[in-house]
């Protein structure tokens, strides 16, 4: 019997064009909270999917309690005592708490009194106060999360994977959750805690493993490490710096947004409120913010994919508030969307067809309502050359390229046709290091050529390094501004959560 | 080369599979598959069957194009049935009531049919674009409405003429008819030419025009199309209206080339055939042409098989299993090829191992 | 197409007691002169010409000939064999020819139509039969009018017949039926039988062929009881032939008529008729019996018990008689002996008495029948 509840050895998982996990070693001691840190796209989720049996590793082995196992499906993992609580809960709203817990696990204790008693017992362990006969739709987020935990416990889990469990909780709820986890840890449960919120990780974890670009960067002692050090491990301080040194900001306004409002689809808090901003030619305006605070909506409103409820948007002095997306693109806006596979690409179509998307009304790829395929191919070849898109040709489907090369293609496309404004949403998210550096360089050059850039990023180093001005967005408002020359990621982080409004 | 193979292999396999399935069904029902096959092939040379196959295929081709236009955008125009029937009925009424110089008369009838089909499809289009009503539901409803509308229009006290126990619209004068090509063994509808032209137009529209690009982009990824400046509502409306306009033509080969009127016994069910043929042809103009011919061939086979006492339902089994296996086969091949391409691209790039780490600029 | 509207329902219920009293007297021989002027459902007397003098014999149209040399092709309409309607009836005629005329079973061929098929399919079907040397070829259903015109011209030496339509070519015999005459009789029977003074007609598809059934039924009912209300409903509109094969909707429509007060329902809806019978069987009670009237064949025999108990009579449209006589005439080499129309006078149409549902009315019905045959009553085929 070893000390380790779970041991992953040499796990490697390749996806077409991308290595998601590369030779990862992870040893989780029994009865500890083991945090797994890394940026989005670093490979945390893939690793956990492998441990939970959703995906199979190309190489490497998994051992549970010292015995080597092979999981072909989550059912295998559950049998081995591993449970997973997903970030997005998988509960049926119209069933009761007990029904949700028993659903699919009827074989264990039936659905009668024995099962009820077991649920009550587990609910006490987890600190779930909702009665078993309550409908899940009436529960709050924190309670639902506990129902999910009871669910995995009911199925016999001793090792529980928590995928970003705090993302949906308010601070008080996070504290409660941590108290519960500590109590359960004392009872011998083991937790794998996935997060990129460094303070929380340091607060709860016994051990921290940092993953970057699919590989283990190292482990850290939460008592000794600082958030800054952790962040450096996650982002990689040896990476090329995204800094832009000389200012190229001009006084020529390209984008001006005034009093922008966006009402929520069905009542509730407005998604955007009183947003004012100006981007000048040669300027990179960075927007910092915790995801879900209105950045996506701001971008989509500027792109015309959403209609502003109030306020004006002007591009180079022309009011485009009412214009359609295509008209805005024709007026000179380029757009690198945050989710390139859903918003940026036609996955099964060849690269040259993807080159046309967003440019279907403009030369060189279109002329008078007709598509010029030859010109599209030619111009795609140019992009492939100029932006170093690694592809065997322009006739392969976009889906065949790796994420980084897809992104370079998109950036190249969006910089075609002489745009005056580029909106870049998380331009280097989930791309490899080479592509990241390449994209930074492209943005820097374009800025020097007088392009106005609106940059949204969750990577604070990227934001600080590239931006000429930074604004912080919180609950649909621009609440603070920061000077990238002086601000630190910590200060920015504090401003993003609203804990510190003094970053200005 | 592999492109052609990947385009032709799935349907070939699917047809073989469907044929095998039918052979089993035939054996179970006590008939000889070989005799059945012989009769199916032999029928082509008899009477006007060959010409009938071409004529029917032309009709199926038109309805399938209408369906394919919707499919490109993942719209299911179930309403083709109602659109082509109502269009044929109204066009036959108009054509019977007016007399114009040749060509012009025919053109007017065609334009009327196109307009009726377009307007009838415009209703679900508007409902979908502005009220989010599923086009499947609304077109099914409109099919029922069009049945009632046709019944009303061809009542003897509306525009109908009683002919024995049948009711028909007023016959179209020769000036409005679309002359066909008499082969000696049947007359090929003149509208076959129109069907071919439609196919060419469809190909051009889809592959060479901005509209076609936007249509396909919307079908592939509605979100990416929106981000690329494609107006989703406009596309829904245009696609459905265009689909209806094409569907409106489907009844005309028979109305203008053989029946010269719309009657109680005018054929039904082409709309659903169109959906199946479009699936069979993978929305590709050449694929649809092949699918339409195959479908027409099988349809005619039913008559010959019935004549030798083989249950006609064997043809339905064949048609159904061909469509299903084609859809499955293409999906399997598509996934396999995408994975293969990804592997190939990855392998080619791995050929330069250091390249991935190299920094641009 | 409901002739009766909602308001009338209350009136019908209110007056039902009176009607019951009035009708009770009528179950025997109809009172002479329609004395019940004050009641809702006054009945006229049957025509005086009764007495069986004009009652036709069921004698064959021509003596049986030898059909052993014939090869007979039968092209069915949609539904084919097993439709419990006119396709089956046509087949019964063929079977009878095999039994009585020496026709060889192996020398017969049946082919059937598909739903919604195109004209060229019908042409091919007939042409195939003619090409293979079948003669005579019987096309069942008016849908074959155009195609038969085409094919009969191509094969002048082949004998053809068409049911329910007229094709004017020398080698084509048109087998048409005076369905309105038979319907008149069952309409009269319904009006004699009703206690609520309200009866119903369920048509399969609203086409001229079926409208003739409606027309005859209404005329017959009105002839007996001028004030009788006739609910007329069709299952599907013209052009949608699903109404002939949709028992569920048949039930629905019939139930609507029964709920609104009708107590005798006549269907001319092919396969949908089964649904009509089921609706009537479900609604009938010992205190308030409900009746159904079948169509085409003697449906008391074809519908399973106990549902068939509600079938008081069936309007017979003897497609079997026509087909048999046609084959017989071809065997004898002379189709000119066949009647222009198969009507009451040749027993081409009529009503059935199996089950005894109209035993008490036969005398009066035969009086009407005689009046129609001798021309005293003319029945229109359009409503």
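Order as written gives the chain letters A, B and C; numbering starts at 1 within each chain.
One rule holds in what follows: a residue touches a chain if its C-beta (ideal position, glycine included) is under 8 Å from a C-beta of that chain, and two chains touch if they have at least 3 such contacts.
This structure is a prediction, so every number in the text was calculated from the model and none was measured.
Undergrad: If every chain is reduced to the average of its C-alpha atoms, which one ends up farthest from subunit C?
TA: Between subunit C and every other chain, the largest centroid distance is to A.
Undergrad: Based on mean C-alpha positions, which chain is nearest the centroid of every protein C-alpha shown?
TA: So the chain nearest the centre of the shown protein is B.
Undergrad: Between subunit A and subunit C, what is the separation of their C-alpha centroids in Å?
TA: Going by mean C-alpha positions, subunit A sits 74 Å from subunit C.
Undergrad: Distance-wise, how many Å sit between the C-alpha centres of subunit B and subunit C, to the nearest whole number?
TA: Roughly 40 Å, centre to centre.
Undergrad: Any idea how many Å lie between the Cα centroids of subunit A and subunit B?
TA: 44
Undergrad: Where on subunit C does subunit B make contact in their complex?
TA: Those in contact with subunit B are residues 109, 111-112, 114-121, 123-125, 127-129, 131-132, 142-143, 145-146, 164-166, 206-209, 236-240.
Undergrad: Once bound in the complex, which stretches of subunit B touch subunit A?
TA: Counting only subunit B, the residues touching subunit A are 207-214, 216-217, 220-221, 223-231, 334, 338-339, 341-346, 348-349, 355-361.
Undergrad: Subunit C touches which residues of subunit B in the complex?
TA: Subunit B reaches subunit C through residues 46-49, 52, 55-56, 59, 85, 147-148, 150-152, 154-156, 162-167, 254, 258-259, 264-269, 299-300, 302-304, 306-307, 312.
Undergrad: Taking the touch rule as given, give the residues of subunit A at its contact with subunit B in the complex, in rising order.
TA: Listed in rising order, the residues are 14, 16-17, 240, 303, 305, 324-330, 335, 337, 342-349, 353, 356-358, 360-361, 366, 369-371, 373, 387-388, 390-392, 396-397, 399-402, 432-434, 437-438, 441-442, 445.
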